[in-house]
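Please go over the structures that come below.
After this come two complexes, each holding chain A, first together with chain B and then together with chain C.
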Partner chain A sequence: MTTFTDPIGQHASEDDPRVMLDNQIGAFEAVPPYPPRTEREAEFYSLRDGEMFINMGPQHPSTHGVLRVVLKINGEQVVDLDPVLGYLHRGVEKLCENSDYHHIISQVDPLEYVSSLFMEWAPVMAFEKLLDVEVPRRAEFIRVLTGELLRVSSHALYQGWMALDLGGLAPILYSFIERDEIVEMLAAITGQRMLFNYFRIGGVNGDLNHEFMSRLGDWMSRAAQQHEANIGLLNENEIFVRRMRGIGRVDKDTALRMVVTGPNLRASGVPYDVRRAHPYSIYPELEFDIPVRGTGPEGGDSLDRYLLRLDEVGQSLKIIDQCLHAMPDGPIMARLPRLLRPRPGRAWAAVEAPRGLYGTYAISDGTDQPFRMKIHDPSFVNLQLVGLVMKGNLMADTMAVMASLDPVMGGIDK
Partner chain B sequence: MDRTLRARLEKRFADKVSGPVRQRHDTTELRIGAADLTEVMTALHDEPDLEFVLLADLAGVDTGDHMQVVYHLWSAKTPDWLRVIADGLPRDNPRIATLTGLWPGAEWMERETYDMFGIIFEGNRDLRRIYMPPDYTSFPLRKDFYLPDDAARSPGGGVRHMERTHVPTQATERVIRRTVKA
Partner chain C sequence: MSSISRSLSHVTLAGRILIPLLFLLIVVAPILTVALAVVVGPWLVSVLSSNLGIIRFVVAITGVLLFSIPAAFIIIYMELKVIAYMNLRVGPNRVGPGGAAHSLVAGLKVLSKEDFSPANADRLVFTWAPVLVFLTAVMTFLVIPFGPGLVGQDLNIGLLYLFAVGGMAVVGLLLAGWSSFNKYSLLGGLRAAAQMVSYEIPLTLSVVGLILLAGTMSLHGIAEQQGGWFGNWFVFRQPLGALIFFIAATAEANRTPFDLTEADSEIVAGFATEYSGMRFGFLFFAEYVNVFIVSALMVTLFFGAWNSPLDINMAMLFLNDELGWNLQPIVVNLDPGGLGIGLLLLILIVPVALTVVFALPFYLTRSKLKAWQALLLGFALFNVVAVGAAFTLAFIGWDWVAGIIWFFIKSFAFVFVFVWMRGTFPRVRIDHLMGFAWKWLLPAALLNLFLTATAIVVVDALKAG
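This part shows the complex of A and B:
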């Protein structure tokens, strides 16, 4: 009779053939194979009693792209974490500085691939400021209309991802019904389903057509109802609510100091929305509210961030409705030369993307390429919150909190 | 354009500004020396008639001649964006104070600027590369870093040459063809 011996028991050693010790330094080893570069790194990579590192990602199914997070855990509790970025870095800013102004629209498109119209909007607005161009009113209406449609689709997808990261498979299927409708609609005018490449400096690329309008009409007739149904999908799910409530609380002051923007900031009780704070396009003429949650002293939690996005969808539907009713006739492009050479100067433009303030700072030196183009992506700064709020929480909640912040790695890594 | 903001800024920071307070479109621009950064930013953030509580963006700029760090701020007290340009950082040793004391969230933005320009933010607790690998030696967004291909050359061509392939050892050589007055 053979007796079972524990391979990692007291007899196990490096010479023991039964024990497989992985001494190879792998590409994704949690502890980096070089000395710490900063105080913070040295502090993070030194373990106290009972602590260990665990690597989450970069191929984790729910990291919304290729994000790697090194977790320092004690049992099930997260002591600290260190997000490692750069797996998707393409150097978009450098590419933009070496492309001409029209080309940039297609360079920035894939940044936040779920809401790429907004990625075009801010650079285009910045270049319009550099050139002092006035955009035709119809083009502004079309921009707002398509943008808000995409916001609905992006938030719908967020709802699905959120549930998926908590282990619920069904909601993502419902989200994709919504998203597919909108994306097909936009494909009718832009020709693309994802990276639209639609906005132009001084207007948009194509006018609204019959297919778009008929699809939009179909969708609008049931959008409000569908929105109500989507709310019911998860809001009354007890498991979902219990895993979200009270986790990842961020109060007002912390949110501002962590320079969080967008829904994550509004879910912490700050009514800041670029569409109202710095009105651009035709937003000053439109009626819509800025939903705010988490106004209490404790601030907002993951559930607030989730619910706030659902509120926003309601407001977006209102805006789409107003756009359709007030849509003027007229040209969709300003008259501009093919080759743009703005006078030397600086311009900053920001839009309210589904994930927050998305901005562009452009410097022109009088040539057809921007001398410097900085892209500010909201997910990049929002992601810093996980390091702050995860301390002391359970490891299983890391994904719940991270998903509630809604990062998109394409934008974070630029 | 918020004229009163301009007047307020000119009065408050009369001894700090290193150029006129400019306004264009919806942005007011304040230009200061890098040494005054902490003082000016703290005043902008804390003083009740300014209250610029949100740091919208932090960007490094290499003008080809010197470096800048550009901050964009928001306040509920004015409809304008405020752009603060911390000017005149030498290219061979750009150093500036960190803003993580005021906005801890600036940490990653400063890391990014360090990674791309090599600007050292004194006091940032975690100033290491964020996008590029840790053994990388040069700073890609500096103007002496040329792209190895000219595929992106525009039809306006011949303005900025990119055929010089970047070699890390050349990074310190002054090979900049064009500078900008930013």
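This part shows the complex of A and C:
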């Protein structure tokens, strides 16, 4: 006859690992359970007097995605920090090498779950180079139009997250209203609200329809006004500005040395934008400025990064307006065979996304799958700045500085 | 109701004991009280009337304990709803009309949850720290005057008592943070200690000027001096003091933008991270009771306490004096016996007549309505009007009714301000917080004290000479 008893309550012994876990104070430490593998690890995981480790993430209310940052703190001051990646790793590059060219678009989509069209754009452009396809003009206009809409939505969300990480509750909900209008609009032509899977090799999946145009017109009629309101929301808030100014400073040289791209680079005073530096699509025909901030000796801080994104929204609105006025008629897809077999070769394509330079390097061996595909993600590069700029700052600013760099974990862990 | 019954079905042991006790309190206690009053009332009165002080004390403590829970419930609901509308959301809307019973069900939920304490926590301290926090919050109610004469204990050192008891809360928070065996909790507790100790000083100094002006530390005494019209409120004689008090009190109550102790984007939930069940409930209630206390203090000290902004009778006397008018003060004699046979007529005829009068329009305009339905509607309407009339009469006739109503209107206006701030401001950083307390608030409070003292001396000299 068997009797059922509570294993912990009845037969608790010294050997039971569950019991021991409760009694081991070390089990709750952030120190990894293996001996240090590198010099840096050995140095980081040894504590001096008065210091302690604290985990920010992977389950923390304010990490953006599942990022874990081990902070070494002395009181409230961050002595050092160590980002631990890999909680969202899917092996996307390997997956892409085992999918055919059409399939890859849906594989890379979730890497950039905030503005996923840009993550589709880079591989699609690389494959078009491999295949020597000319994309119809209307398709290019639609790509730019939807891309810039998504840039507005992404920067709106950035504004909200920034405020939320500084403890302001309201702006994130206002941000989501703006984002919701834009994703609803895009859902009318793509069928999805988040992972659009819309760009195709040689064009886009669907033409602009009535619902999209009516929603867009509705939104455009008050977009400029909404932009002004967003600028007024936090720019004059004393608490907000004081917490952002001078925090997380990245000077021009550091930014260039770390190969930072996108708004984070332009906020450090470097006027580099892929849309102007290596023009693609129809961007050479459009009129827009490259906003630059942080050119002064005290520039490149979190506030500059925040303000620069607001400037970019204004430029995006200008581009959307021009796209709508110059939109040509015509086909939206190039004529292509079902099964794509590009000639052997290699291609690199890069686009300017809300987070920086998204690049794809694809090598074709003549089959219907790429031989090798490398994805360059700007969030991964930009996140490295946290380790440089956070030392000596306060713990409360860790999340704020991280948010000001605007990382998306999908692309970082790939 | 289904949500309430669902919550009830999951109630744990503690809840099974506490909920019947609550019902006992609500249902049985009044019946017992009435029975006692009838049977042993006269004897009791003769005994008790010789010990009024003690009775008053016990009643005040009981009342304060019973009052703090609904006050916290209302503020929690208000916060959820007001911030929701500020964020263009709807907020709680499931339980009760407009979600009004939401916080009640949340309270039941808290009761029904597992009372968990983490491994390696200091059990004794972990258990009693929330009680200490809650107790210090509730104890401050004792000296707050809700209306003329309606004060638990009119201590002549009321303000000192307030600051002393309020300062004890930090011990509870620190113990809660330390005993949880969690680094977030520890940081939260230490932040609480640093913040509350720093802001205690400008908080106390900001009212010293007011004490000089009022000449008393009794809150009832301070409230009495602000009667008449709103020009007598201390906020107009102590604007700087009121501002400093408001800021420091916000920090003392750990409210946004000074809510560093439970900054969720930095240290998860601060000292409350490891708490669950009713222990968390105590911490949570204490926070909202503190919001009410801070608002009530703001009103009592600077915004005229229970006094209405303009006393009508005083205004009339003033006009009579200044302009030679002949206005008669409104006096309502709330003595029903004085009506004699008229009272009988009032009770018997007026309800019937008014019911019929109110029912007639319904009956005449809605052809589908039956007579009894129209009468029912009329009766309901009569009740609304009667209750409104009774309240109006009481408001005019009894100054304590008017006092309570004014006090709560003003207090909840301040609660609204706190909720508004929570919906609007980002959080300040710990070094900004400390810098602000020591570099700005403390010198400003000292300046305020200096100016007030100088002004009093100068005015006295001018009056004498």
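To be clear about the criterion, the second predicted complex is superposed on the first by the 383 of 414 C-alpha atoms of A that agree within 3 Å, B and C clash if a C-alpha of one lies under 4 Å from a C-alpha of the other, contacts with A are read in each partner's own complex, and residues count from 1 in each chain.
The rule we apply is simple: a residue touches a chain if its C-beta (ideal position, glycine included) is under 8 Å from a C-beta of that chain, and two chains touch if they have at least 3 such contacts.
This structure is a prediction, so every number in the text was calculated from the model and none was measured.
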| item | value |
| --- | --- |
| First (chain B), second (chain C), both or neither touched by A:54 | second |
| Which superposed partner A:86 touches (first chain B, second chain C, both, neither) | first |
| Touching partner for A:397 - first (chain B), second (chain C), both, neither | second |
| Contacts of A:163 with chain B and chain C, given as first, second, both or neither | second |
| First, second, both or neither for A:242, with chain B first and chain C second | second |
| Partner chain(s) touched by A:177 [first = chain B, second = chain C, both, neither] | second |
| Comparing the two partners chain B and chain C, which touches a greater set of residues in chain A | B |
| Footprint overlap on chain A, comparing chain B with chain C | none |
| Touch list for chain C against partner chain A, complex | 83, 86-89, 119-120, 181, 183-184, 187, 256-257, 259-260, 263-268, 422-432 |
| Complex interface listing, chain A residues touching chain C | 22-23, 25, 28, 52, 54, 60-62, 76, 163-170, 173-174, 177, 234, 237, 239-240, 242-243, 394-399 |
| Residues on chain B engaged by chain A in the complex (per definition of touch) | 24-27, 29, 53-57, 59-62, 70, 72, 74, 76, 79, 81, 83, 102-109, 112, 116, 125-135, 140-141, 145, 147, 152-156, 159-160, 162, 178, 180-182 |
| Chain A to chain B touching residues, read off their complex | 32, 34, 37-41, 85-86, 89, 91, 93-95, 97-100, 103, 129, 256-261, 272, 277-278, 339, 341, 344-348, 350, 357, 359, 361, 363, 365, 367-369, 371-372, 374, 376, 380-381, 383-384, 388, 413-414 |
